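Below is the structure I would like to discuss, written out as structure tokens.
The chains carry the letters A, B and C, assigned in the order they are written, with residues numbered from 1 in each.
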Amino acid sequence: MRDKAAVTMSDASPPWRAWLTTDTPQSRLQARLGRAWTGWRTFRRNRMAMAGLLIVLALVVVAALAPLLAPHHPYEQDLANRLLAPGPGHWLGTDSFGRDILSRLLYGARLTLMIVALVAVTAPVVGLLIGTVAGYLGGWTDAALMRVTDIFLAFPKLILALAFVAALGPGIENAVIAIAITSWPPYARIARAETLTVRHADFISAARLQGASSLRIILGHIMPLCVASLVVRVTLDMAGVILTAAGLGFLGLGAQPPLPEWGAMIAAGRQNVLEQWWVAAMPGFAIFIVSLGFNLLGDGLRDVLDPKGD
Amino acid sequence: MSDQPLLEVSNLRVAFPTRQGVAEAVRGVSFTLGREKLGIVGESGSGKSMTGRSILRLVPPPGIVTADRLAFRGEDLRDASEKRLRAIRGSGIAMVMQDPKFSLNPVMTVGRQIAEAYRVHSKASAREAKRRALEMLEAVRIRDPERVYDRYPHEVSGGMGQRIMIAMMLIPNPDLLIADEPTSALDVTVQMQILAILDDLCGQRGMGMIFVSHDLNLVASFCDRILIMYAGRVVESCPASELRDARHPYTRGLLDSLPRLDDPRRDLPVLTRDPAWLTDDAPPEKAR
Amino acid sequence: MVKRCLGLIASVAVTLLGLLLVTFLIGRVVPIDPVLAIVGDRANADTYSRLRMELGLDLPLWRQFLRYLAAVAQGDLGQSILTSRPVLEDVLRVFPATLELATVAVVIGAALGVPAGVLAATHRGSLADHVIRLLGLVGHSVPIFWLGLMGLLLFYAKLDWVPGPGRVDIFYEGLVEARTGILTLDALLAGETDVFWNALHHLALPSAILGLYSVAYIARMTRSFMLDQLRQEYITTARVKGLSEARVVWRHALGNIAVPLITVIALSYATLLEGSVLTETVFAWPGLGLYITNSLLSADMNAVLGGTLVVGSVFIGLNLLSDLLYRLLDPRAR
């Protein structure tokens, strides 16, 4: 009985699956896709990681479709209906200006996504560059760059970001810059560690013998190898970035009113928190869920890309 | 009472449930042990270490140990409570492991570790335990026991570390010692010293010993009886003196692939594995 | 060994220098003209240029930095615009409150986090393990200032278990002379038990919230370390000797992770100092965090940078301490 089921199953297996999982790929593309496919299957089995992925995807979707999803305009004040409790019409209530909290949250997702994307694009790139160059060239360059990295690593991130924004003036761009400046050191460390493990590998020597310049080797051979661990670390760090950005917003240093930044919304709801708790509570839930999503996603990615056994 | 075997093992099985099914590390091993030295020889993965650990009921989870009979000094170990097992471990059965670099606690002085082994099974005071520990260190031929007592494991050589291990295991006076590749991590010269110590001390105390190793020659010269294991089963069982007359093809293959001074050959034969050995349920070749 | 400690101290000195450089540069990045900020925009040109020279703003940048270094070395962090007092004096006045909060929080964190981590590791895969891991994840993802607000909402407004924000009831303010700056200690020293209990009650919620943050981190690291140790051969040896599982875990395994754990706790303490910035704002706790925040909102750059320097230095110092402790305590590193 069991044999029959097994036979039927293998008959129904789609040909592309066999193509992806073959032991003898015929092209680099096939090998890469095959690896991605196996990685995806391992990832899919991890339910928490899938939940994280869904949350992050939801964030992107909500940010993109905010105008379609939001029942009200985020800046539209309605002082007659200020501080309404959650209910039909205003599913998450209204704030002290009568603005619909749900709509503001949905539009605020755009700000959150923007912050995350900007930091994720700048800090790791800087770190990757510094780390690979330091690791590959070695000697004085390495020592000097790593000294700088260590110094930045030793600083308290939030405090420095605070001081930075204080100096430059509040605003969302300055907040992003401040966060990015304090976030790049771990990536430099990771990139350097990865570079050191492959620096003396034969294929690097072979490339050098073929006349490849240092820059070409770093860009073409070494950087791609660092990508896996970096992706994991970046995803995990995004949770912290969201929290830091929210903290800056809470202190009034991030996006300025009337922008619906989640941290600033919590600050706005602070005066009424004891009575109209939803004004401060709802944005906090949003921050929590998104941050959790990135943490779960990062954990899941780590299990697939960079497992160290647990 | 003195006729009762020290250890009786019958149809011992150790199974590890995995996502692809159940993997059996030990498949139906049976033997009895008196106050003698039994050698268990096998390659990596033959299940020899797992056999030793399952006697102590220290198989790592998710391993499951089953047996028709597993008795020590007549007492059934299969259903014994954790409390009973802990009493037996150390004072009844002890185990010396391969590499003292890993098998000794790195942040505790070696003297304290030995003393602890003593205090677990006696009501001795700290001072009494220290005195006994120093005695044991002398018994394993360590020349300056006072100084070594306060050393940390990473501060002593491999040979000394193994002596410390032996001292620690023998201090509560067990009846059975399982030696799991005790000399595999040591230099050849040190190996002989350690074996001499083991032979001496276990002989003096009339202990039984199970000597697990991958080194056939070593086991043949050291032990009284030998079990050859392959893929979780015992394929051959004979007295050490009759090893040359072994009959199972695996044993013969092992023997033939050993270089010998009195029979110089150009090419040593390579052991060919018969897949039948994996499933062969025939009882092990017994020496006549 | 001495050489390595000296090397560490040298490296910390360089890091501190880097911190000073960063704070100096941040101070120079301010778009507001510092001279105008002092004299106002109605001063005449003479006053302006005189003050500019006094402040050393006509000097090349590196010489300004040296002046800055010299000033800091003498304890001169500038003057606060808000309080018109030297920044260092202000900082030393408010810092003990933050220390009090962070210390109690880290004690809570370690006292709960270490056993939780050990439990999760020894009962791997059980319900307790999953719950602890989940709590760890939650603690890692929740904004601490929001948690503080929700805590106030629940425990103060709804349940009335703890008093409201502030270090002590208004009734008791100023009653106890500030000898160490740590209110609970000072109250005890002065024999004012009423004030002591009141201060303790006020301390409860903010330190619990901050502590929860570090419980998550400490539990996670403890679990990870423990799982690593329980795989080692010496654990089998300990079991072979017949030791009870409790002794194996708490004596042998824990002994091996004690040193990295202390490092983790020291780092956690440093993080708590940072986190206190936001928590103090929520709880109106008059510590360094609140000081920096208020100075920020008033654009009092001297105070902000002075506070940043102090927190940064303590942060770096704690990192050094944990490094030193590691080398001192681990017999293998000797």
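Convention: a contact is a pair of C-beta atoms (placed from the backbone, for glycine too) under 8 Å apart; a residue touches a chain by one contact, two chains touch by 3 or more.
It should be emphasised that the depicted structure is a prediction, and the values quoted were computed from it without experimental measurement.
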Most widely separated chain from chain A, with each centre as the mean of CA atoms:
B
For the chain pair with the highest number of C-beta contact pairs, give its two chain identifiers.
A-C
Just give me the whole-number Å value for how far the CA centre of chain B lies from that of chain C.
53
The distance between the C-alpha centres of chain A and chain C, rounded to whole Å, is 26
In their shared complex, at which residues does chain C touch chain B?
232-234, 236-245, 252, 255-256, 258, 330-332
State the interface residues of chain B toward chain C in the complex, per the touch definition above.
53, 56, 58, 82, 86-91, 94-95, 97, 99, 102-108, 116-117, 120-121, 152, 154, 165, 168-169, 172
Chain A contact footprint on chain C (complex, rising order):
11, 14-15, 18-19, 22-23, 26-27, 29-31, 137-138, 140-147, 149-150, 152-153, 156-157, 224, 227, 270, 273-275, 277-278, 281-282, 292-293, 296-297, 299, 301, 304-305, 307-308, 311-312, 315-316, 319
If we count contacts the way the header does, which residues on chain A are in touch with chain C in the complex?
147-148, 150-152, 154-160, 162-164, 166-169, 239, 243, 246-247, 250-253, 263, 266, 270, 273-274, 277, 280-281, 283-284, 287-288, 291-292, 295-296, 310
